[in-house]
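Read through the structures below before going on.
Two complexes are shown next, each including chain A; its partner changes from chain B in the first to chain C in the second.
Let's turn to the complex of A and B:
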């Protein structure tokens, strides 16, 4: 087998796969953030907590109701999405005409409360959630071993991202959303219910976070801090892709996951900072992000 | 002024489709409309003339409900709308063409065209719209904001003709356009009037307004200060010049 700069293919492709999996979570989470920011102009700091809630709801469904992974993949995003709708109606809708900072502070506070409640109830040691039997094991590709569940995570994330992108770019609902992102008062003056659109969009963005949480549950321990650890990186991904850019979030999410994986192979010391270095460079060269449009 | 006010209230003879009474509006703490009064009869084309900052655009934004902080009375087809949000007002049958066209850059021409939902039966079909604006048909897949200024203006008007709205609020549709396009817009408005649309037109260009309107309301400092019938325009031209500072 060939070696690249002294690195065996097993190590290289193993790290690339890990990068791709991280990239899958970055993509789904940053997509939700981008949709929410695009329409609501709110930097949703509660996104990490909502991702964690998705994982916890999956765990609770199994623990208390005997409902397994596949149903959880459907039910948890809906339940967490509904909590998002309640948050939007109760709190965020009142912040429409004020500075972004208020939304950020509110969602940051909500994130702390949600994490605190789960930490108080379940501790921080993490709860196990098994891989569904259908996806147990893996296959030897010759140059690497590919666990089935990890392949499924990449596929599911890719499908979720493409489906969301298609809805936004190719449907009438998506056209309303894009138009409202540009000029919500005018869209309202055409007879379109923008407040409902905003509520549904926030709920959907939150549901996407919860979907990622369910996907993550069998890989990482279900833990109240799992979202807090990830969300800072996801914000960097959103900034690099361009705030509010849907396609930018997807492409950047997967790409940065891969870059992070490659960095782990060739310069592991920089693997936890490489995304932030890229963010600084992008902000210096193209402040609106790689796929963002300048204001 | 009292003479003007009485003429305002006495027009038109038939039941108005739109009646605006003592309309006051605010941008934040800034009081910008101080009691706008005017009526528009079904099928009429009425212009709001006035200098920059007189309150013409604000009047349209108040009627359609984009400007929420407003008091007074706005009655459309007998229904009071002053407390309604914009989306409900639009669904009564009022179409709004904003200043600077409001074409969405993230939408194609085709998407811009079908964005406003049909609110009433009787709107134009897409084929009728293409007959009226042939340029649009050729550019359907282009990005909305890649059209020329004139084409964007036509798209902006076209998209509300689909909806079935019978009152059109047009905010400076000729602003920044070449004379040949202005003529085309004028012909379009004349055609819409023929088809029975009622139009409130905000204009600074009173020469253009004179070619399409039945009556002109002069707005100054947030109030309607005079009404001039189009057939009396020549006799009142010096007065109008004075109002507009021409």
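Let's turn to the complex of A and C:
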């Protein structure tokens, strides 16, 4: 049996697979961010809080209404998406013609408020949320024990990413979206309701974050800070992929998950910084990101 | 009645009035994490605990006027230090209570010594507070990494868990916990087969758990805290680690963490604590009062420690009729402590408060009778052996 730098292939494959699972979360979250940035030109700092809200809504549905995981996977993104729409109508739509910085500050402030409210209500230790019984257990792949739920996460994330990509790249609605990204006034001149398009897009991006939150609830602690911890990494992923690039964010999300997984085998202490090191290197060579177009 | 008698009588009256007015004003500052990872195990609960101590002591009737203030140190030593300086210099705070997060606690301990005030620590874990960085002004009340590692480590080795793998948070606290527990394990006849250091705070622990699984160690020691421990245990359940025959040893787990995990994920965990609400009538009655003021949440050992430490301090102020830190801390060290929560205890010369510790096992969901019914007591670790021996800490107050 060959060994690579003292690491057996079993361990290596195992870690690559785990990296892919983490990459799934990065991909879904950065996809939402990329869509929002692409169309609204807003750096949505509330994304982490919205991801957290997804997990919390799933918990609340179970706790107060007895609604289980599968329905939560559908209902939570819709509910959180609606709050996103309200936020867009009330606040973000007023920031269209000002500098990016205002959108960033507004969403950052909203994130702090949302997290503060949840912290006040539910504390910081988090709440328990079990794995749905249908996905409990796991299978032995020979080189590692793969929990069924993790396999489901990869599958669900891939489906969500590919479906989103197809909608944007291959449908009429997606064509409007892309056109509005390029030149909103012109698209409006053709009789398309651009403000509505913008609102729905923001709602959809937020719903994607909530979807990731529900996926995360059974494996990560459901607590008010869960998004704040993750969102910084996700921003790095978006920057590496190229701000606003849909495909870029998906591919970068998955591949950075893999790289992080490898780091955890060879030098675990660096696993939290490796993504930022890559970000610096990429920005030095390609300032617009790997898949971004130079402005 | 002659004029002389009248004069004499009035002097008495004035004297008596004077005695009634000779109140000691004491200001206590509860400094802890009110918004971050340790806010549930310390936070507002510690303020409530301090207030309960003042009420139970009937401080006002004894002529001690106690004022309690609080602030959030955000787990950052610089922020904590600034608040402590302001409290001591401008607001007339006499005692700083609680202070979880070892790095902040060490900073506060130093400032307290410099300003000649008193720090009674309940929330932090570092043994350095009563070791190399011990101070005459600091008393470490509730627990430390040695006590936790000793309790859990020894117990598990005795039950046959003689090979250990550590999953360690990569910062001072995690390293200290790993070091202290490794020593205990080796002393008890076990071996440490390896360790992995994870970034702090971490989110996904599956890689590290797989490495722990591959090590085939019987016990996986979790040398981390708070949200990291919760995530580790949750994910260990997912990867079938406990089902596969390995035992998880939580080296720093609080009641609030078990509540967050849920019994389904936490069952079977073995852990050491200084206090559990459901130990006897005294702890139950106090915890009930605490819970009614804290949204139904039961107290952690850190809350109980704030109560117990505050009570001992107030007794010292009453007995010595002084708030001079040198006088008060001397009294606190020379006289045993006693209260319904910690039972009997004493403060050693190095500032370590020693008392019985308890080994608990987290109940199976089926055995739990309701919310907060989480622990079975496995053993009492007597005060004499629960803490690091006095001469082993390297404290220069120990002669």
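Remarks
Here is the rule we go by: the second predicted complex is superposed on the first by the 290 of 295 C-alpha atoms of A that agree within 3 Å, B and C clash if a C-alpha of one lies under 4 Å from a C-alpha of the other, contacts with A are read in each partner's own complex, and residues count from 1 in each chain.
Simple rule for what comes next: a contact is a pair of C-beta atoms (placed from the backbone, for glycine too) under 8 Å apart; a residue touches a chain by one contact, two chains touch by 3 or more.
Values in this document were obtained by computation on a predicted structure and should not be read as measured data.
In the superposition on chain A, contact of A:176 is made with chain B only, not with chain C. Within the superposed three-chain model, A:230 lies in touch with chain C and out of touch with chain B [touch as defined at top].
Contact with chain B, but none with chain C, is seen for A:188 once the two complexes are overlaid on the shared chain. Using the contact criterion defined above for the overlaid structures, shared-chain residue A:47 touches neither chain B nor chain C, since it reaches no partner. For chain A, the partner with contacts to more residues, out of chain B and chain C, is C. The residues of chain A lying in touch with chain C in their complex are 10-11, 14-15, 18-19, 21-22, 116, 119, 123-128, 130-131, 137-138, 144-145, 147, 149-150, 218-221, 223, 225-226, 229-230, 261, 264-265, 268-269, 271-273. Only residues 172, 175-176, 178-179, 181-183, 185-194 of chain A touch chain B when the two sit together in their complex. Residue ranges on chain B touching chain A, taken from their complex, read 64-66, 85-91, 96, 98, 102, 104-107, 111, 114-117, 119, 160, 163. Contact residues on chain C toward chain A in their complex (touch as defined above): 35-41, 170, 196-199, 201-204, 206-208, 210-211, 213-214, 226-227, 230-231, 234-235, 238-240, 244, 256-257, 259-262, 264-265, 297.
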